[in-house]
Amino acid sequence: MTGTTHDGFFTPVSGVDLPRFAGIPTFMRLPHVPFDHARFGEVEIGLIGAPWDGGTTNRPGPRHGPRQLRDLSTMIRAKNGATWVAPFELCKCADLGDVAPNPADLMDSLDRMEAFYAKVKAAGVVPLTGGGDHLCTLPILRGLARGGEALGLIQFDSHTDLNDVYFGTGKYTHGTPFRRAVEEGLVDPKRYVLVGIRGTAYGREDWDFAEANGIRIIAIDEFHRRGPEDVMEEVRSIVGTKPTYVTYDIDFVDPTFAPGTGTPEVGGPNSWAALLVARLLKGVDVVGADLVEVSPPFDTVGGTAWLGVNLMFEMLCVMAERVAERRG
Amino acid sequence: MTGTTHDGFFTPVSGVDLPRFAGIPTFMRLPHVPFDHARFGEVEIGLIGAPWDGGTTNRPGPRHGPRQLRDLSTMIRAKNGATWVAPFELCKCADLGDVAPNPADLMDSLDRMEAFYAKVKAAGVVPLTGGGDHLCTLPILRGLARGGEALGLIQFDSHTDLNDVYFGTGKYTHGTPFRRAVEEGLVDPKRYVLVGIRGTAYGREDWDFAEANGIRIIAIDEFHRRGPEDVMEEVRSIVGTKPTYVTYDIDFVDPTFAPGTGTPEVGGPNSWAALLVARLLKGVDVVGADLVEVSPPFDTVGGTAWLGVNLMFEMLCVMAERVAERRG
Amino acid sequence: MTGTTHDGFFTPVSGVDLPRFAGIPTFMRLPHVPFDHARFGEVEIGLIGAPWDGGTTNRPGPRHGPRQLRDLSTMIRAKNGATWVAPFELCKCADLGDVAPNPADLMDSLDRMEAFYAKVKAAGVVPLTGGGDHLCTLPILRGLARGGEALGLIQFDSHTDLNDVYFGTGKYTHGTPFRRAVEEGLVDPKRYVLVGIRGTAYGREDWDFAEANGIRIIAIDEFHRRGPEDVMEEVRSIVGTKPTYVTYDIDFVDPTFAPGTGTPEVGGPNSWAALLVARLLKGVDVVGADLVEVSPPFDTVGGTAWLGVNLMFEMLCVMAERVAERRG
Amino acid sequence: MTGTTHDGFFTPVSGVDLPRFAGIPTFMRLPHVPFDHARFGEVEIGLIGAPWDGGTTNRPGPRHGPRQLRDLSTMIRAKNGATWVAPFELCKCADLGDVAPNPADLMDSLDRMEAFYAKVKAAGVVPLTGGGDHLCTLPILRGLARGGEALGLIQFDSHTDLNDVYFGTGKYTHGTPFRRAVEEGLVDPKRYVLVGIRGTAYGREDWDFAEANGIRIIAIDEFHRRGPEDVMEEVRSIVGTKPTYVTYDIDFVDPTFAPGTGTPEVGGPNSWAALLVARLLKGVDVVGADLVEVSPPFDTVGGTAWLGVNLMFEMLCVMAERVAERRG
Amino acid sequence: MTGTTHDGFFTPVSGVDLPRFAGIPTFMRLPHVPFDHARFGEVEIGLIGAPWDGGTTNRPGPRHGPRQLRDLSTMIRAKNGATWVAPFELCKCADLGDVAPNPADLMDSLDRMEAFYAKVKAAGVVPLTGGGDHLCTLPILRGLARGGEALGLIQFDSHTDLNDVYFGTGKYTHGTPFRRAVEEGLVDPKRYVLVGIRGTAYGREDWDFAEANGIRIIAIDEFHRRGPEDVMEEVRSIVGTKPTYVTYDIDFVDPTFAPGTGTPEVGGPNSWAALLVARLLKGVDVVGADLVEVSPPFDTVGGTAWLGVNLMFEMLCVMAERVAERRG
Amino acid sequence: MTGTTHDGFFTPVSGVDLPRFAGIPTFMRLPHVPFDHARFGEVEIGLIGAPWDGGTTNRPGPRHGPRQLRDLSTMIRAKNGATWVAPFELCKCADLGDVAPNPADLMDSLDRMEAFYAKVKAAGVVPLTGGGDHLCTLPILRGLARGGEALGLIQFDSHTDLNDVYFGTGKYTHGTPFRRAVEEGLVDPKRYVLVGIRGTAYGREDWDFAEANGIRIIAIDEFHRRGPEDVMEEVRSIVGTKPTYVTYDIDFVDPTFAPGTGTPEVGGPNSWAALLVARLLKGVDVVGADLVEVSPPFDTVGGTAWLGVNLMFEMLCVMAERVAERRG
């Protein structure tokens, strides 16, 4: 492993040394460095699991996502074969473990997760999370932005998740997090863009909310017509150079390429486009990112998680370049 | 369909007339008779789906149970091939549809379910429920027993579900319903018996609670040693002739025979013993019963649900004989 | 549900009110309105299941199609998110249930199905069918067109299904329905177009038959080269403004996107193109449509059926606009 | 391979020489010897595939049975590890290939199959068939017994298959073969015994038919109570020393042990009992046998077919001993 | 966690504190303590993964066993619910991680594994291994016994694994390890007993070798006839009070209960008997144990691994009692 | 079957005569003609199975590839529906059976395979192989080219397989065959082109080796940008008119289209592009070809093998035209 600027502790185990099916599976075979670990203070990018799907209104399963993502992530190698970025050489990455949810108490889970990410932020660690359902992103945003400046937000998704309430009482579900995030001032609606929206709709309230707040929605028709490069150029110009969070719902991708998810919508991007949009985040000041809604029960051979960890790796490359740049 | 005492409305569609894979799947191909149906007032036994798993602390899925149970139940025929009981001739059975849960609000779900069963009870209908996780049984018991006499309880299960609290705040989970039911006076601990308990244990608190309250636990070792006939004789003598509820957790059965469940424990009874214990309920004054914890995501070909609906059918035979007897 | 011109009876249950995994699964959560139902006379578009695969020469399974399609269809919402067409507001739709086949008698099944669709037509209901194998389309066409004017036909498929006979005696199989339909004068060959044909071939007899009768075949190479928009413009011009039937074989789509089918051919359109061709039927006078050859045993997680019901929904939007237009 | 009385041609390939996953899969790695093969005249026991499920009234699939049985049969070794019988040394066994059905014509298929087995019988070959659904046994019996003496019949099954008619017209289905076989004089009802009957029932007509004709039914309760040894002693005494056919429906076995079947009934024998009853046929004059209703679509990992070929091997051992004995 | 004699470091995470689907999966949620860990010196029992199947002559997969075993092992709780043994209180257990194989070099893998176990032994740690195919046991035995006294051996298995050579050159395969172990003097044949042998056989050479060396084979017929208690009494008397190794091949269990294995043999013990034989090792001086041949590709929902970790837990209880006893 | 130049022996069984699920599955239903068959001398193109995955460093399974490929290949028909090439009429094709590997001895397996292909070459037969892992191609190349002129090589793949060594000692793995082939002079690096390379990378050594030797790599970005037609024009110009081998690793295709493989890389070509590149080999002097790395355990419904045999058929068409041309 040549070129790295740090000692070997933060270097992942290579598949040429230990077969990829061997070993206890941490994210990308990085060291497991929880908060109380001696070297936690050195971590620059933290990979985190959020095993929770308490906000799911339809078919559950994302609580199992982090474990399957970790399992498949052991097949990730050290370098990006397209851009040759080597994130593990650029900065110190580690698996921080899982945030601990409370499956029997939705509000308590939100609090626990916010506290965890506030701690991550306080330590100067940039978080890359494997979910978990999309409600997880709300407490992450709270942990990163509560009491500070509103963040830009790039959301790859087939659903807006901008609904208001479900079943009469449900303000906190995986269909409502970004309505809440905008209401709570965590996200700047003018620097918020959604890509890939499609499928049948309950109504138009979510689109009306977006329009009323200046949120930009790039629906799937437009995406397919313009292509990833053109779309991502607009996306980057919307969020600009200020701190931005990236949330990647695996159901952005066509469900054939990512069957392991609870609320799939057909007609989405293929795996190549899915990779490209992540790669084309290059240059954005990503202060945190997640990959959510991977639901193992709907994907027996793990293809969804495998795509998911590749997407995480692409985002990691962008984030690592940014971290190294900031460090100077 | 000879011998029935009622008109054809309540007679299920026969597989000799319409192939079993055809038709919209109601429970056992009975008519769908919701509360507002013209003939609801005639129903004697109501089959109900409880598509909810909000109390699940481990692997989710039972919210999908009712639909898969209904699907497989279309292979049930009209008569019990062992006892020749013909439940659909003995009394008027119908599919009442599903109780509507709120996946985003645990406490609201408990209230909705209790209200539904209170209505069922008020109409004089005996409910046979397909779950749903085991927390569902708590609001059912509330609906049937709140403010009245405590019921006897027969619980087939691999877990006691008598724990107190999970994750610090979780008083209402699928591991705690019967602790609550006893505390709330819904169940008479002296007339409460558990059969099939096994597996690794957190501790002994649940057993201590049982002992302190006079609840009888027949663990799996004893069950295997004594056999179904002997065990069920004791079970019947414990609950006696007074009103009794039967709750059948599919994880009572060995997980090889019933893989589709979230918290399996190996070393349980086979399918023959599983059927026998249900058949040997004969004579008990069953005022309600359920079959819970069927989790389709863990059972790709539906064998668990198929066993589950056979167990429901055996319980239905016992219940129908009792209803006919009471009717006189 | 604003904007509808009728009372709530024909309005599907919303996933915001009742979780989509709950309830007895009718097509798109519409009311079940069989022939003998009090409100059958009001139905404008009838969704029908045809659970039969008696014409299958290769791998069976489509007899299970309708049930899985209904199951997945409970995830369909009320509005088309791309065109904002709201079919359930435009006209009265209902689930008519299943046509009853005879799995042990092929000729009897053809007669039963023809009689069913003749009844549907006599009642002025426009049928949208979920199959069943492709032989089902023959009795549907007989029911709709026998003794009347020949219909136009748009067939999305990977096979021509224009063969003559199988195994020496098989005139009625899922590889021969349209040869029969043309011979019987049910379909006007000049207004008949096939899209998506591909795969290895027994010979060229079917192509010769097409050519000799003026039937237009757009093979997959041409489809990929020209794209959905251009192809569909020609398709619409071929069938013109007269009554036309649309038959959509799920094996039109690439088997990766639709693995749940018995005779897949690789190299087909992706899900986006699959949706577009259905959407681009807009303007055709569709007097009936079907989606056939969905075979659940080959698709464990239901992705094929999910794509299938989305295709049914797109066709439904086109049909509903046409019904509303005709109604004036 | 010591001890064999014939040259190596009829000796199966050993897994010690060629890995069991290698090679074109014939039954038990025997040579493929169709009717026109030079050495067909030497064959004493012929293994045959009957890839047909045209009689199936419920869930299809057994048409795929022979191929999966052949695939798994490559794991069978040369000797019975319990009895040390070595069938391939005792006599000349070969894979005769598949009887050719006509999936689009039920009556034509019955004729084709009868003709095939008449030819097998004429050649003095004892057939061991892998099905196919249970209707296959009717043309086999016709081929072996038409115009001759009625055969004894041992039927391992969860269903009687003694029904009269389905769907109004269906005299030939997998639920009716033995009613027909008795009516046609192919089977001697006094030497006909069924073992393992269970499950819900349409009615009692089949039992009435059995009683009226002196057919012996050993239902599952009796089987579990008495055990395999005692039951098989009675079975052997019923069929006596005269020519007898053995038909083994895989749904005799509990569906947990044999999920790959279309009409499973829970509560059946385990795999050990399933093996024992086949082994305890020793001494019966078996003139033909089959293993039917293996349906691969319901058994993703092949466990059912694996059990099935072990059952075929046990029957083969009994048949080979008998053939060697007869040969003298 | 009351009653433990050590600080909390060696106490597994409880499912009541952190949901069982959360966290990086170590064996039974124990701390990960590799050789270079500060507290390695304290470990008394080490759980080890052996992700290697280089000796497999048939269907591969056990290289994936350790990861799936670890995954499912997170559902194990702290106490044995039948015997109330609490192994994690009795002694200090840890997950030592995986031994590193070389998938491309069989002989190198044997050397690496032997060296690993020699190190384990030198440290005074008692190893409990999750395999891996059965060839893994040979280097383990070398590591523990090379140059010392021959060990007793208890082998639960459906195959003897006492063959000599495969494919002409294969002295080291998963069908030959114990032939080698006896030849190398690692195992005392007089204190060596095999339980559960069954299935078809290549020949009798392995039985002849056993007989010639005084090795005791208890075949499945005898096992079913005598029952687990009686058999295990004999087993314990054979190995006596001297150091003994226990090797548990998951294919000892009937493949219906443990489908996830490469060379299944039908007709084996059920899960209850499988547990009992492990529990009845109580009193044996177990100096090491393994559970091998778990092959995830053949078991999509993980039931085999779940049974496997329960068997490991039962063995662990026996081992922990022995360790505590020895410690005094 | 009109137009063929030979008698019917080499004509595959048609699905119109015998259902495709019937019969013992040889490749494309061709006759099985092993070396010792009377008509072996006539064979022009030989289809061969290579059931071996001894070189696999990651997830095993390709040893099962040939059997599943043969199974699915029975759905291939006689003519190419796009080009109307009829390979079985153009020349005499046969299934030569499987090359026999030694799963327990890597070096012995390499020798066995080389000897087999040397024999094939000596007989003037052009081999089309279904693998097996990618190491299989090395002994094939040795068999075809050892001691002769170096071949051109076209490699469709997501990995270069140009690495040097794994795990310290592994010179022969599925990640190293072409490094060895170039070193051994079997392949002319100037006439060697790789298409489709992508995914994360260990390092750049393989690319450096390629560059240093004049090997052309067309990575996936370039492939997606230029399209199949343009890329294949360059490919054809690189190999020119001299003898060339084609090796098609199924992981060239996006894993969504071909999940059944051990080391998938996301973002690859779809099935249409996958077919086109094979079809566009037209004109190349293909002296042998293979389709490798199909791993059935990762593809439960066989879609990967189905795509695989279609790719084999496309290559066969190109090869058959060339054979006929050469024959004159």
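Points worth noting:
Letters A, B, C, D, E and F name the chains as they come in the text, with residue numbers starting at 1 for each one.
The rule is simple: a residue touches a chain if its C-beta (ideal position, glycine included) is under 8 Å from a C-beta of that chain, and two chains touch if they have at least 3 such contacts.
What you are looking at is a predicted structure, and each value in this text was computed from that prediction instead of being measured.
Listed by label, the chains touching chain E and chain F alike are A, D. Homomeric contact chain A/chain F is classed as different-residue, with under half of its interface positions used by both copies. Chain centres computed from CA atoms place F at the largest separation from chain B.
When the CA atoms of chain B are superposed on those of chain F, the rotation angle is 180 degrees to the nearest 5. Each chain gets one centre point, the mean of its Cα atoms, and the points for chain A and chain B are 41 Å apart. Of all residues in chain F, those touching 2 or more other chains are 17, 19, 21, 57-59, 63-64, 103, 166-167, 256, 270, 298, 300, listed in ascending order.
According to the touch criterion at the top of this document, the contacting chain pairs are A-B, A-C, A-E, A-F, B-C, B-D, B-E, C-D, C-F, D-E, D-F, E-F.
By the touch criterion given at the top, residues 17-19, 21-26, 32, 49, 51, 63-64, 66-67, 70-71, 95, 97-98, 100-101, 103, 300 of chain A touch chain E in their complex. For chain C in complex with chain F, the residues that touch the partner chain are 57-59, 163, 166-167, 197-204, 219-221, 224, 254-256, 259, 263-264, 266-268, 270, 298-300. Taken together, the chain A residues at the contact with chain F in this complex read 14-17, 19-21, 75-82, 84, 256-257, 270-272, 274-275, 300-301, 303, 306-307, 310, 313. Of all residues in chain C, only 53, 55-61, 63-64, 102-106, 108, 166-170, 172-173, 297-298, 300 touch chain D in the complex they form.
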